[in-house]
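Down below are the structures I want you to see.
Across the two complexes that follow, chain A remains constant while its partner is chain B and subsequently chain C.
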Partner chain A sequence: MSATALEVRLPRPPWSVRGIVVLALLATAILSAAYLQLGTHSLVPSAPGLHAAQKFFVRALSPAVAHESDVPAGTPPLLVNALRATGMTVFIAVEAMSLAIVIGLLLAFAASSAWWMGDPSGAQSWWLRVVRRGIVPALYGTARIVIAVMRSTHELLWAVLFLAAFGLTQSSAVLAIAIPFGGTLAKVFSEILDEAPRDAATALRSAGASPVQVFFFGLLPRALPDMIAYAFYRFECALRASAVLGFFGFPTLGYFIAASFENLYYGEVWTYLYTLFVLVLVVEAWSGALRRRMAI
Partner chain B sequence: MTREETVRALYRRRPRSIFLRVSCAAVMVLVALSWGSGGFAADAFLSERRLRNLQRFLTELRPHPLQGREFDVAVAWQWTLDILADRGLAAAGATLAISMLAIVLAAAGAALLCLPAARNFAEPDAFSVSLRPPPPAKRALWKSLTIGSRSAFVFARAVPEYIWAFLLLILLGPSAWPAVLALAIHNGGILGKLASEVIEDLDRGPLAALHAAGASRSQIAVTAIFPLVFNRTLLFFFYRWETCVRDATVLGLLGIVSLGYWIQDARARNHYDEMFLLVLMGAALVIVADVVSAIARGSVRRSS
Partner chain C sequence: MAAGVHFQLRGVGVQYGDCCALDSIDLDIAPGEAVALVGPSGAGKTTLLRLLNGTVRPARGTVAADGYDLAALSASELRRVRADIGFIHQDLALVPNLRVLQNVLAGRLGRISFLQGLRNAISPSRQCITDVYAILDRVGIPEKLYQPVHRLSGGQRQRVAIARALYQRPRALLADEPVSSVDPARARDSIALLTEISRERNLTLCMSLHNVELAREFFPRLIGLRGARVVFDRSSGVADRELSALYDLRPEEQAS
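Right, the complex of A and B next:
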């Protein structure tokens, strides 16, 4: 029996939603390319660009193990320098994340609706009613707006603002990462809290616990594994952000990548890039293992 | 057994993991070391010199035509409109266009590479119920395809998009391509990883049924895998697009004409009022993109 004999034609609409979505996205991409006046000709590397790229990528196989030029006496060896830059990258990321988690938890508590909405016990006294109907929703709305504002500006733009306001200090770098990351953590934490299983919370509530007790003993423990897993993922992002802040002059890995690149010491660039790569991989493996252990 | 004894017995049987404890300790040591290293010093941060700097910065945030004058809404509005008409709106358009082109390219690359990266798709007798072990050469070939595409994803997303753009700018020279490609590479790595995980989580039944009916691997991919993973990956697509808008703004700091370029330009000229206006405009753009993406994700969720 030939394959065509088995063919069954099912009635179907002449268009499919998926097809339209894909075509619309492709059309958006083409329109965007037209708006940016991007042709394929500007995709072809220029001759000097190609030459530089060739020299750069050849060094990928032989990263530098010592400085590629004479350095002033007292400069630490390249590998020590890479380790120091890594330490700085980690320190700034950890400081920023610990601030961001505190900010995120406080705002998430205010921006999560799970612990105060639909409370069956009702308001017994007039001031409790005021708190539930007026203050808590107001707090909720304010927290949402604060989160949106913190998140809407990229950490590098916060860094640009803080550099102009305070100058080049480590605190500027830490705050620049902590603010947008705190906002993102708050948003995701509040979503995790709202979607966490409510079994324990309902049981506690019917046993007469107050909303705050329900939050800390019913909701938070159920949501904690997901929250820790997400915080670890954001820590990976904070490491990358902290490395990139080096491009603005903070002594993290990005600073040395930019400096070596501009001096055409491509071997050194690869040493620093590989260091960053290993750092990110180690943290990714760690957080992956943690996530698997906590999923049980 | 009394209630106290039950509680105590439950407490003794609680799950304990050495790995979790060591991780906990490591996190605490890291936090203590970082804060103890003294880099973050509030007193230096709030020293007199820095406070004076801050005060100067805050006075310079006042729109230029209003410096040293009483605040006038009409003048401030005119100043805002002038900057927006001159470069703000065009730069915002470029930022959006960069993000959209980049995310579509990223999705296209991820769509191609996520199939070999999915372990249930990339095996010799995929979806079949044969008990005969496949030839080792064939198995090694598929295995190497999986490892290859997975390490491509890892490398693509381990390098931050800012560094990709920095490297591509040298290679391609000034146009919007370095920003587009940098975002496409980084997000392609993320989308590819997520999409391949969605494929691996697919129910095996429908795919095996198609295979048993005689469908080839590519037919299964087009008629079953692609439709089944479409909605979930579309959620990731819009979620990453939000991030792309944010990042496209910032890549301009490298000299690519998005909002970041003009932010950097205003900063270099010490026009902090203009810089602040453009940062606010970038924030507005990101909030708009967040809302659009939330609406799009909501409609995808409702239709699935």
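Right, the complex of A and C next:
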């Protein structure tokens, strides 16, 4: 019996893990929603809640320009307060980012596989082999673990920790932001470095440059525009984190937002919120201008 | 001026996995000689060039530069040999977001310390800038000294790549299809420039080229590669018949 084209059994596609993973994720989403009893029935506002919300959002159109209550003599005017709180928010964010960038760069170099790749050509001396097979992988592994620990805890939790340890000082706020941000920067910087085009690095290597020179003059410059763009994004996040740390009592925007909100001075809340909004816009405009100049 | 590099290949074979990239190659390239490598894509031209500066190691045989077996050198010795050999890459391999000056300065990293390199990157000395300017003037783009490379045209970028290789102060120049990305007139110009400079400075020049006409016009010696082997090596007059056989699309056995 000769098999015609129609009788030929088509090969079955290979068994795919991807499909099962997607199905499992979908099922998890549905089950979690059921467990949490999500739904519009839980979003019906109470009558006083609705009233308060209405009052709050109406004030968005008329933010306060002066204190909404009698303040003790000697209290600076509201706008001066807002300006000072903004300054404090920016200073803490700037210091935290400066520290985070130093931590991030150091850990990123250790956790990037790009710079320590041995030169496959060229005979190796025994000590170079020890460095490449032992010391470098150990450094790489340690850096990866340190980065994971730093990132796994949110800046608010670090703040709780440092508040308990050092009290309500600006240094604890800076450290609380710098540690998780340093970890995130390190992770993303190392990925950017590993994915940067290696053409210039290869060219420098073939012109006799040492591995360290190849890294700093061939690879880093190619990765730098992306690294700068990401650092700017994180600076924006740091501003928000710095503002929110005010809820713990640091004199940043969050402190005044929380105080005014508790006293139902919604006009003041909006004044502070708008200041934060303008701050983020300014950073965005600055980073946009820089990116255009670097032509990313 | 120091004499060019002397390259010697003895029974060289290169293996990429199961694929034989080059097989039993014996070649002598004398100091100051200008050689063009011609042949179809995949014939092994790039591999041959990369053997010469030790970026590819032979599976069989030896590659020697000035008598030093490249496979036997330590990493730092190999770096010293490479500092003497300029390589112009097909994709140019420049850093687009840095200025022309910085890109050209990077050519000499193999001869200076890390700290000197850092100084060059931040504020290069007057002497360095003068040297780079002179080389840019020689390749015809002195006015681009402070331009970022991403603002330059394809032809100008190619000049930067040539300038970087020259600033290296090499004794040999290797070029892998250096003109494949520019129009015929500019290609001719660049090849004329490279052969002229190599003659002036007595550099050994070895260039792979797709354009056989240019190769015949500018190079006294042509090496034809096909299917991982040298099929001809002529210092005078390659016959048209040999060239058409070189690029014949039929498999080896039928081509000859």
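Assume the second predicted complex is superposed on the first by the 259 of 296 C-alpha atoms of A that agree within 3 Å, B and C clash if a C-alpha of one lies under 4 Å from a C-alpha of the other, contacts with A are read in each partner's own complex, and residues count from 1 in each chain.
Rule of thumb we're sticking to: a contact is a pair of C-beta atoms (placed from the backbone, for glycine too) under 8 Å apart; a residue touches a chain by one contact, two chains touch by 3 or more.
Because the structure is a prediction, the values reported are computed rather than measured.
> Have a look at chain B and chain C on chain A after the superposition and call it: clash or fit.
clash
> Could you say whether A:221 touches chain B, chain C, both of them, or neither, answering first, second, both or neither?
second
> First (chain B), second (chain C), both or neither: which does A:62 touch?
The answer is neither, since A:62 touches no partner chain.
> In the overlaid three-chain picture, which partner chain does A:49 touch, first (chain B) or second (chain C), both, or neither?
first
> Let me test your reading of the model: by the given contact rule, A:38 touches which partner, first (chain B), second (chain C), both or neither?
first
> With the two structures laid over each other on chain A, which partner does A:28 touch: chain B (first), chain C (second), both, or neither?
first
> State whether A:17 touches chain B only (first), chain C only (second), both chains, or neither.
first
> Does chain B (first) or chain C (second) touch A:142, or do both, or does neither?
Neither partner.
> Comparing chain C with chain B, which touches more residues belonging to chain A?
Ranking chain B and chain C by residues of chain A touched puts B first.
> If we overlay the two complexes on their shared chain A, which of chain B and chain C does A:207 touch? Say first, second, both or neither.
second
> Per the contact definition in the header, classify A:166: touching chain B only (first), chain C only (second), both, or neither.
A:166 contacts chain B only, not chain C.
> Shared contact residues on chain A for chain B and chain C?
Dual-contact residues (chain A): 294.
> Provide the residue numbers of chain C that touch chain A in the complex, in ascending order.
Those residues of chain C that touch chain A are 50, 53-57, 70-75, 77-87, 89, 91-98, 102, 106-107, 109-111, 114, 117-118, 121, 148, 150, 164-165, 168.
> With touch defined as at the start, can you tell me which chain A residues reach chain C in the complex?
119-125, 128, 199-200, 202-210, 212-213, 216-218, 221-222, 224-225, 294-295
> Residues of chain A touching chain B in their complex?
Going by the criterion above, the answer is residues 3, 17-18, 21, 25-26, 28-29, 31-33, 35-36, 38, 42-43, 45-46, 49-50, 52-53, 56, 88, 90-92, 94-95, 98, 148-149, 151-154, 156-157, 160-161, 164-167, 169-171, 174, 240-241, 243-244, 247, 254, 257-258, 261, 273, 276-277, 280-281, 284, 286, 289-290, 293-294, 296.
> In the complex of these two chains, what residues of chain B are touching chain A?
Residues in contact with chain A: 15, 17, 19-20, 23, 30-31, 33-35, 37, 39-42, 44-45, 50, 53-54, 57-58, 93-94, 96-98, 100-101, 104-105, 107, 154-155, 158-160, 162-163, 166-167, 170-173, 175-177, 180, 214, 227, 230, 234, 246-247, 249-250, 253, 260, 263-264, 267, 272, 275-276, 279, 282-284, 286-287, 290, 303.
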